[in-house]
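You will see subunit A twice below: alongside subunit B first, and alongside subunit C after that.
For the complex of A and B:
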């Protein structure tokens, strides 16, 4: 197993009596190095303030806020329907979880129920989004280790899926399709055939990715045994999703707290054993295949007629009684959740978005980044699969 | 790690033999059929209700005036201008568009060096995608506002046919809130309402359960809210934006709901209190909607107002013309009681010209307002119509209100001439009286208009039919047949056309299609006119007239500086128009009194 530094360096630098690190910047031994916010080896608009000793990181602090648009606060001054076009922007690569969680939270508090057909279409969209998110990740993970070609390929199939999104929802990135009460429309004519073609192309590309990225001596040398998440940390840090599953814990909201039509679909959460960067990448690769299979199941089982929206009150002055709820789902990074509080007025009293990146990119990363080499920071950070906008809603 | 891990990455080279996936000309790539691209607006269909502007969370839509599109009833004349610096393409504007006029094309590329060019009015400022056939259109079933009106409970025909009990139940709170929820607050109704009631605001008050606010909003513009809540001609509903989606909001029933929910004391508590007395005195002749509205306004402005009413109870045509099953008398009493509470002195059984002279009124007051209404029925003047059993609808309705019997008893068979609401009122009143007296209904109503052009409200026609009234359309009355001194029926011809080529009233008939309708009484319900005899010959001579009506200025002032006229006698029959006229004339009188130039 690849060990960047001898284990006895793990306590380096020394700690003071109060437990803080004993870093004397004036000693000339240490150097401050900012990775990000403008840096190819960073996941989106965030940065890590590194303190290095030689090329070894002795301390890393995550800095966010470059993308802060105050969504949660904005929503407190918007009507319930006006929040619907905003929420997708909280997570750009996989926006649909915001739409789903927000819509489901509003539906629960307003006492309305989206029709069954809408549940199927919502599930379909969430799985399509998951594939896209993983495709972006795979390209990023390979890119963080200098393999530019993987990103080219995954972007190509992601683009095909965006075409499917475009014809289904009317938009490529911000779909704004799942709204409180249901979904906007049904599947367009011939969608199933084109979706199947796309799924085959994804499987084919994924095979190439496996051959070139996963069966790759360099990739293995850089990632096997690197960035291990101790299974004991999972609950301590609130680690969810593939990061947890790669550590051998089958945490998956789709199974643990089933929502939408997941109880009617056959699948098993993908898990790994070694909990290193390689395993996490592999878990995600195999998870794409699960999603591909789920989409096939959905396309085969979903009802093709029936209502898509339940009757909603006039959205122009929709008031929702006092209440609070927390709606969660399994996104490509882990547990995505919306905590919504209503006070009987026409506006949300409080919306809190639980993006999994918050714990992964801040607390967890700051712990894991210590004692690795500068050249591994990007790979480690990408392997946690974080999207900064959901950290700084 | 194995030899495979060393060799496998080289399989990437197989892409050398594959076609590239690049899109060479992305600008001309057609978007998906339901893509949300630049907006399209069918400006001829758009009514400028501004619902799109309301829902836009980015403030990207402004309703702006457009050259060539005039404001008219049911159309604000404004059209949405979209700022693509703000638009997020969520299409909520398309989803709530009341007329389906707004949509999005699937065109998404457009290059222009001028940033201001990205703010334009779709459909007005011509764009290449105006005729694009594809793009996001709201799916038929996808609605974010309520389409179906809350049903209104009514007494079943079998139950109501021999009773004068009010037919319409009124909404309970849940029904009213359901109905109020459908309103999109566009305000097109406000512009249409003759008295410009604050309709979206009082509908909001219903949604909020704030009936104090609701009733104070009603009384800001209409002291006849209880009455109008039942019998208003509700022109507002003919311009309601939601009628494009489904049924218009039941604005009239919502107004009634507020009045049903509040007590008289509650209304009196929220009313604006009269200002300090001005010492000016105003006499109003006729305690109908116009006169009493003017009295209400003037009394609140501190003037001493006395209303003279010839009959023994106030209310005018609302009491003496409208049957009890549409408008119960206690509702009129309640509205009048509230008007009295601001200091209006109503003197009944005081007929001007007989009990008090007009000169006396003029001498005792600073201003005099005539709100005489239309009390006299018009005659058909066909042969036989001078017979004593040929009656005027207004006269019979007055008897019905007074509870007095019809001379000669309730007729067993009646023919009504007329196709308006008054004809329906008398036909349905007589039907009830017949049912009470004889247990059967024999009322035939003959209207000049055909069904498509009936003047009466559709629900009146429907309900009259349910109650046993036989309605014959396109029948022109020719002769009241009198045999041995008694009326035996009415002879009619089929109407070919009511108006001539110049649009003048000149009915033409098909004489071959003659019918005889048996009846011991014929009732004429073809219109009313004013009894202005109280003016006296000299005054009649002195005042300016126009087509048989007193000529008045915008404020209702006649050619005599101390005399105003308002309501049906100058505007034609309609309660809410009379209320509006009452406000107008009160403002004119108040201004004149302020200036001290009255008299």
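For the complex of A and C:
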């Protein structure tokens, strides 16, 4: 078990009667250190205010708000179809979950049903996005420990997948493809063959990543036994996704609350045992292989003809009766959900986005960051796989 | 166990409102129930400890300005049964205060901090509730309230970029497409 500091906790600040830490900054024993908002060891536009004693972090507070664009408020002033090109911007590396959850919530409240073929294409897109997001993570996790080359390899295969996105949707990052009522288009000619080539390249690169990153002695020394999430914390802190699966709990919304065509696909949630940084990285690496397999199944089983959109009312005058619903999906970070409230008008009354990073990067990170070394903060933060835009929406 | 049975059992203990089944078709896994604010903590503890609703999915507010009320939604999830239960608490907009549940789920403290900042709903006793969450130096009414006018705020706070023109879409497009036609379309 990796122990950054000896078990003697005498340096650790005592607690005051009200439960807050007794940190006297004027004593000269402690130092405030900001990691972020502009720092190579931070995940996106956020910052962590660290209080350190020597090398040891005694308190960490997450600060967000550098990327607040007020999406939820913006959407209250826009018609249902005008919200559709906005939602994808809430999460940059994996925008499709926003589109799917928003579209499904609108469909449910409006009482329309997307056609079967659209469900298959939606599932395909969500799995492609998942691979992209994991590839970004693997590069970041290796980079946080000084292995730059892994990021270059994973960016290469991510780029191949972006090419597939481009030919399917016309865009590389924000696809705006899954709209209420269905999807915009079917697969282009020869897509299956090019997708298969991409999948083979991903598998081949992942083998290299395994050899160079996961078998690397330094990577193991820095990550095994480091940043453990106690399974008892999962409910307390709302931990979902690979962070929960690495702790041995097979929480996967694709199985727990099946949506789209997942009931027709064969797969098992990937779980780990040790719940440390290494296990979380390994769970995500194996999850990529599951996604690769799912894409192959989808390509083989998908109906090649049929409608892509159902009949939708005139979107300029689309009024949806009063109601509320919650739609969720399993994104690469955990449970992604949209809570949509309508009031009978042509505008949403309230849209609330439940991003998994909201709990992971705030309450959970602040708890886990205590008593680790400054040099491990970046690795720990990346291992929770958080994207700040979905915290502040 | 169906949600209806669970509701009947819980209603015997707490004064719950009407059961609203969101997906009344085949897959009836999401329901909403209104709970009086005073009974929320007891209901949540009962559901968490006795009925397996151990996961707080989200906590958010809806502003019903016309009715003078905030709706707080506590969405709970029972993973074993794959059920979601949304507890709705209606509180007055004028004295928007609610009991904190940060001791039931530590992660609720983050949601409560956001609600205080964005909706002005106070949760006394919640950790770091006074600290700014997203906004910095905000001195207007909480921005996610319905009576906060975003356009008016932007016009007062920010100056227009010089040289920028705003067109009426209809006349502008008509002039672009049919330059010979008069602006009124005749």
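Structural remarks
By our rule, the second predicted complex is superposed on the first by the 389 of 393 C-alpha atoms of A that agree within 3 Å, B and C clash if a C-alpha of one lies under 4 Å from a C-alpha of the other, contacts with A are read in each partner's own complex, and residues count from 1 in each chain.
Simple rule for what comes next: a contact is a pair of C-beta atoms (placed from the backbone, for glycine too) under 8 Å apart; a residue touches a chain by one contact, two chains touch by 3 or more.
Small disclaimer: the values here were computed from a predicted structure and weren't measured.
When both complexes are superposed on subunit A, subunit B and subunit C end up clashing with one another.
Contacts of A:277 after superposition: neither subunit B nor subunit C is touched. Of the two partner chains placed by superposition, only subunit B is touched by A:317; subunit C is not. After overlaying the two complexes on the shared chain, residue contacts for A:156 are found with subunit B alone; subunit C is out of touch.
Look at A:295: by the touch rule set out above, it reaches neither subunit B nor subunit C. By the touch criterion stated above, A:362 is placed in contact with subunit C alone, subunit B being left untouched. In the superposed pair of complexes, A:108 makes contact with subunit C only, with no contact to subunit B. Of the two partner chains placed around the shared chain by superposition, subunit B is the only one that A:220 touches, whereas subunit C remains out of contact.
Once chain A of one complex is fitted onto chain A of the other, the partner contacts of A:73 are limited to subunit C, with no touch recorded for subunit B.
The clash between subunit B and subunit C in the overlaid arrangement falls on one stretch of those listed (7-15, 25-33, 61-69 or 277-285), that is 61-69.
In the superposition on chain A, no subunit A position is in contact with subunit B in one complex as well as with subunit C in the other.
Residues 22-23, 29-30, 32, 54-58, 60-63, 73, 75, 79, 82, 84, 86, 105-107, 109-110, 132-136, 143-144, 146, 148, 150 of subunit C are the ones touching subunit A in the complex.
Residue ranges on subunit B touching subunit A, taken from their complex, read 1, 4-6, 8-9, 11-12, 21, 31-36, 51, 54-55, 57, 88-92, 95-96, 104, 136, 139, 141-146, 181-185, 204, 207. Residue ranges of subunit A in contact with subunit B, taken from their complex: 78-79, 81-86, 149, 156, 163, 166-167, 169-171, 174, 176, 184-185, 188, 208, 211-213, 215-218, 220-221, 307-309, 311-317, 319.
Looking at the complex, you find that subunit A touches subunit C at residues 64-65, 68, 70, 72-74, 76-77, 108, 235-238, 251, 256-257, 323-326, 328, 335, 337, 339, 341, 349-350, 352, 354, 358-359, 362-364, 367, 392.
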